[in-house]
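Each of the two complexes below includes subunit A, the first together with subunit B, the second together with subunit C.
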Partner chain A sequence: MTTEALALIVFVPLLVAAGMVVLPRSWLGLLIRIGLLPLPFLLLIPTMEVVDNGAYRVVLAGHDSPLGIVWLLDPLSLLMLWLNVGITLLVSLHASFSFPPSDQPARRFWPLWLILFASMNALVLSADLFNIYVTLELVTLAAIGLIAVEGKPAALRAAMRYLLLALMASLLYLLGVGLIYGQTGVLDLYLIAEHLEPAWLTITALALMIVGLLIKSAIFPLHAWLPAAHGNAPGPVSAILSAMVVKVSVYIIWRLWFWTAGDWDLDSAATLMGILGGLAIVYGSVAALVQQRLKMIIAYSTVAQLGYLMLLFPLASTLAFQAASYHLVSHGMAKAAMFLAAANILRSVGSDRLSRLAGIDQRLPLDVFALALAGVSIMGLPPSGGFLAKWLFLEAAREQEAWGWLVLVAASGLLAAAYLFRVLAVMCLHPRRRLRSDRRRRAPNLASVAAILLAVGAIVAGFASAPVLDLVAAGLPPGLAP
Partner chain B sequence: MLGIVLDLVIIASLIALAIQVVSGASLFRGIIHFIVMGLTLALAWARLGAPDLAMAEAAIGAGVTGALMMVAYRRLVEITPDHNPSRTGSRSRLALPIAVGAGGLVGLLGLGATLSDPEPGLAGLAVLEALQDEALGNPITGVLLLYRGLDTLLEIAVLLTAFLAAVAVTRREDLDYSITTRDPHTPLVGALLAIIVPLTVLVSVHLLKAGSHDPGGAFQAGAVLAACGVLLVLTSRVSASSQSRPLIGLGIVAGLISFSLIGLAAMLRGEPPMALPGMWAVYFIETAMMLSIALTLVLLFAGTESLRRNQHG
Partner chain C sequence: MMDLLLFWTPLLLVVVSALTGIVIFIAGERKARLRIILNLLAAVLKVLMVVLIGLLVLAGHTPEFRISLVPGLDLVLRADALSLLFATLSAVLWLVTTVYAIAYLERSPNRARFFGFFSLCVAATMGISLAGNLLTFFIFYELLTLTTWPLVVHTGTATAIRSGRTYLRYTLSGGVLFLIGLIWLYGITGPQDFIAGGTLAEHDLDHRLSLQIIFVLLAVGMGVKAAIYPLHRWLPEAMVAPAPVSALLHAVAVVKAGAFGLVRLVEDVYGPELVAGLGMDLPLLLAAAFTILYGSVQALRQVDLKKRLAFSTVSQVSYIVLGIAVGGPLATIGGIVHLVHQGLMKIILFFCAGIFGNLLGIKYIHQLDGVGRRMPWASACFTVGALGMIGLPPVAGFVSKWYLGAGAVAVGREWVVAVLVTSTVLNASYFLPVLKRIWLNPPPDQWPDEVQVSRIEIQALVGSAMVAALLALGVGLLAGHPLSPLSWATAIVTEYFP
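On to the complex of A and B.
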């Protein structure tokens, strides 16, 4: 059953996307539902499997590695699958309003949207270095098409820049894969560990792959493409880009670092990764503080928040792993909620310049509420998922007496609070707010509900953390298990 | 001895051509050098004993990509007639250090890889061993369809995604017919097509069929078929259309859908997903992929999501 369910989780959205190219436009609404709605139910079957047995291998075409490709479902990949399915479904609720199936752009948007969804599912399941390369390409290309789908010049420019950098990143990753395959003759992520010794050539190969993936996940100082791309894409696309697309590359780095090279001595490299993360947090927050457009502030906030995921490398403990995984979940929901709320505001006001947003809390209370709720989680205020993740990071740092990281995590919450309160102050406390009473087109209410649902999810994550944390603890990499 | 000299000539010309591609005085010269470099690279693959790669490089890397670059150049000239694209802007001061650094890195890695003592290629040996139980003679086709079918399926999805992304950024007013020949009615064009079109179809079908035992396969066959389609676009036998047609849509996704469905159907027989039921499935999937590859490339060349036939007396 699990094999069938996993295959359908990847292939249903892919086949539906292909169907959208062939079938007439009147079918589009139905196809969207077929491609998305069965997925949570299908995902229950693998969940049962993981809860009962811990992990599950699918040997594709019946040819086990090293000959064929294997999918590995373990607690971490299950978490990523749930995150992708949950966020994509909620964001799709918003997208069904911003790209209604009856409109012309919908025929361009939805096939790419479903391909992106399917390819991220295939990516997190894959246990094969080359297969990961192909799925990464698919994710990137679909994301680029989606950024440019509305044809606005700024978005086209951003998409082109993203394309060039992402292609370079892919080539770096592929070069690394080629070198590793040349050394070991194996591509299986978990089998390589037995054949690979930390010689200079293999270290270089791994470094090339990780640098490529760092570009794709926009970790400082390789983030240059992200703010323009995430800030100019259509709302639902920005949401999924920040919530999922950059995260799956980080997920692959974790796999390489803790599984493939799990028993290597990488202390100094880990410190370097942590420093990059710290710089990302500081730089992203300061840059967000000086932006004039709401979506750009949120985009730079993503640059900052991605930095936390890098802190896992120097801390490297059970607690740190739980913290980073939980940050992945809560930031995914909070950031998607923020981008959706920002999209509704942009649609309603016609601009997302802060100077135009004074007093919009009266016109768009739901969206401002969603923005504020998600902000609570991003700042790490209790009781929210973001708070819990930061708390776990602090615990992990205290446990190892890594005071530098502890101070960084504690201080970074203040930075996040600074740039988010700047936004909220303009919206809710601006002296001009009473003067504005023009009521123009409002975003459809269900689009706001999607943002609210995600924001509430990020808050609720602060209470209902036990299942996720237990799941992560059950799926620790071999080196970290207590 | 002659072999080494030949290899050295290929290597030297590859490096020289690569420099010319990026630093050529004009964009147009860069494109021409890129095509020549693709052909030289095909020679290099042939020298390395990889005829499948050589054919794919020549057909796709040099042929179809070259045609796409040419048509992009043509459009660029058209969109910005004032701005002369043949003169490239001032070169960045970082270009040389980056080029030297990248070249040094690749050279160092290549040297390291050749000097190191790798383990025997486990996957490669496994392919050759497993292939003895199959009716397939070409290990490349075996890897592409039987052992690592998911990679190939996702590559086809990449092509579809590239097409969808290209369509997403193409505006209606971009459709133009300037790439076609000025006078499609000259008798010579018709006679030429009458010879070339059947021949290319024959060649691509042969490549497809040969792929099961000798070098060849869906990608090479699709590229050759695409060349035929490009010729038909250039001679305005078919031209860009904004009206979507179900048959064209079906052609674009035929490869992805047939591979996916056959791969999923394995689970109904109690086999793991992506297991193929027999040689007929290999031929069926390869044919569908060839059509999808060819059609997608022609549509990319024409810069459109659909095509229509033009009548010529």
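On to the complex of A and C.
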């Protein structure tokens, strides 16, 4: 039952995407619904499975690794599945207005959108290194296609740059996989550990894979491609890129680090990863502070926020795991909300330059409100999911008397506040001239509703943390279990 | 049934205002009538609910709402005597300020945004007053920062935005120190509810230095909002906000949240004995005493009426801190009762400053010549507030100063009396010349910027000021009544010093 449900979760969107290419255009609206709407219901079956039995291993088509496809459903991958399904559905609500099925670009957008969705689901489930490589490539290529889908020059340039760096990242990753396969003959993420000693060759292999993944998740100083790509992509695409696509690579690093290499001594490397995270937070925030375009500010904010996910490596405890996972969830919702709100503003004003946004709060109150609400979570101020994540990080740091990390986490919210309030202050400023309001199409209201829903989700996450935290606590890597 | 009531009423008190704010946002700018009705309804409802909770507490119950945020970490809203004192003050002054604000902002743009955040701000203040532990307090304390910012920058001018930035810089940085102190404290003690007399004494031996540092962190975090020198700079700048906001910032919400937090910190987290034992009472006392004098001297130097009032607030709020830092029951009563008294008196002054500014265009003190003849009622209210601030009986301010002075003598800190006397002299020297201008100087031929407004608007504006003035006189005259703030504060302090 669970196997079938998981297979459907991955293959329904893929098949529908293929159908969109083949079937006549009039079917598009229907196909979108078929490809997306059943997913939350299908996901209930694996959820029951995890609640009852914990982890669940799926061997597709009867071939065990290294030949076949092996998936592992455990609490953490379930959390990622829910996050992906939830955010993708809400962002799709927005996309159904920015790419209405009747328009020409929709023919290109929706198949790629569903491929991206399906391949992320497959990626978080994948249990062997080669499988991860394939799905990661699919995710990247679909993402690049989506960035370029409107054919705007800036977006095309950004997509090209992303493509080159992502290909390099894939090669590094593949090289690492090759080295490990040559050593052990095993590719299973959770079995390699038994065959592998921390010799220099295997450490090199692991390092290559991790560097490749760091590029894909745009961790400082390998972030250079992200701001342009996320800042120039169409609204819903930016939202999913920042909320999910970069996160799934971090998720794979977590898997490699804490599961595959779980019992190796990686302390100094962990500190290095933490320092990268700290630098990312500071650099991303400062860079966001000097941007002149709203979407670029939000994109740099992603660079900064990804840094928190790296703090898991040096802190490495149950609390830190809960903190990082909770940050992943609440940042996903908040950042998606911000990009959607920014997309609505951009569409209505025709530009997202800050100088053009004075007084916009009177014209687009809902979107500014969504931006502000999501901002509360990004700044880590209560009550919000971002605050709880920050609180858990602080507790984790205090537990280990890691005062440096504690101060960093506590104070870095101020940096986020600095760049976000800069935006909000501009929006509250009284415009010197009246805005040319009716020249452009107004974003339809449901597009704003999608942004509001996600933003409210990030706030509500500040109150209803128990299900997520319990799930994470049940799915800790073997070395961390309390 | 009773259990349900006791569980939900504290939450409802917070939620009513939050919901009002959200409905006002959704209703939008044009539905002025709906907005006014909602505002007044919610404000009245809030007073009634506070009365209900007060009755429950008097009957010996403890209304308490509790949910778990993270396993082991609770959000607690609980009504005890101290929280009721603050909640009552907020609810009553909010009702008055709502009436005033509706009239004051008539015809100005962006009223939906203003009143929406105005209501959210009440919600945050209610949360602060009912917070049953330090974490809950922190959550609402930060929420208050967020919800007041849009009010500070309301006019949307470049100056307003700049002041908003200063405001955030101070309050958010204070919040970070607060957060570090909080997480550190919880590391030593685990999550603990507020308990009269404090709970930390048992940890004194093992963690003395940590407890001292944590105290400083928390006190600075709260001192920012309480505008203790040198953390006060945001307050005079925030004067660019519309008058009702200033009234609210100064009398009820922001500075009071800081002062109230310090009361909680000293009395309910550390306990007065431990604070003295850690040697933290003297630095706090010195900071408060210095701020009192500094604020008064600065007030004396201002020519802008609202700025003068702002520095007067800096000075007056420190009376509260002074009271709890002096220690001993009498001074603590003086500090806690001043929480109410200062609120009542300061709100009158800001209401009047707003009336003079809005209707006559008066911004500077020298423009006040002869206002008493043009606006006798508003000027009378202003006089009550100013005399109260100086500490003239029978206005409320006298009662506070009396208790502070007597309390200081009782614990052998006579020099504090000298501070109080000096401050009184300074208060008199910055308020009496203003009163002289108002009543004795001849009016000018033309007011700076006189505007014609409807009768009902003037009535609402002056009426609110008069209600506040009557309250300030009332609590001073009836200080001996069993339900007066003084009796209330005495009851609260009895728990701290059994």
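Criterion: the second predicted complex is superposed on the first by the 467 of 482 C-alpha atoms of A that agree within 3 Å, B and C clash if a C-alpha of one lies under 4 Å from a C-alpha of the other, contacts with A are read in each partner's own complex, and residues count from 1 in each chain.
Definition applied: contacts are C-beta pairs under 8 Å (C-beta built on N, C-alpha and C of every residue); 3 or more make two chains touch, one makes a residue touch a chain.
Predicted model only: the values in this text are computed from it and were never measured.
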Partner chain(s) touched by A:R398 [first = subunit B, second = subunit C, both, neither]: second
Inset, instruction - Give one of first, second, both or neither to describe whether A:L201 is in contact with subunit B, with subunit C, with both, or with none. - result: first
Open item on the list: One more residue to check, A:V460. First (subunit B), second (subunit C), both or neither?
Closed with: neither
Of the two partners subunit B and subunit C, more of subunit A gets touched by chain B
The shared contact residues of subunit A with subunit B and subunit C are none
Seen from subunit A, its contact residues with subunit C in the complex are 359, 361-362, 365, 369, 376, 381-383, 387-388, 391-392, 394-395, 398-399, 406-407, 410-411, 413-414, 417, 421, 425, 428-430, 462-463, 465-466, 469
Listed in rising order, subunit C residues that touch subunit A in their complex are 25, 28-29, 67-71, 73, 75, 109-110, 112-113, 138-139, 142-143, 145-146, 149-150, 153-158, 161, 164-165, 168, 172-173, 175-176, 179-180, 183-184, 186-187
Note: in the complex, subunit B contacts subunit A through residues 109, 112-113, 116, 118-127, 130, 146-151, 154-155, 157-158, 160-162, 164-165, 167-169, 171, 246, 249-250, 252-253, 256-257, 260-261, 263-264, 266-267, 271-276
In the complex, subunit A touches subunit B at residues 3-4, 7-8, 11, 14-15, 17-19, 21-24, 58-63, 65-69, 108-109, 111-112, 115, 119, 122, 130-131, 134-135, 137-138, 141-142, 144-146, 148-149, 151, 156, 159, 175, 179, 181-187, 195, 199-201, 204
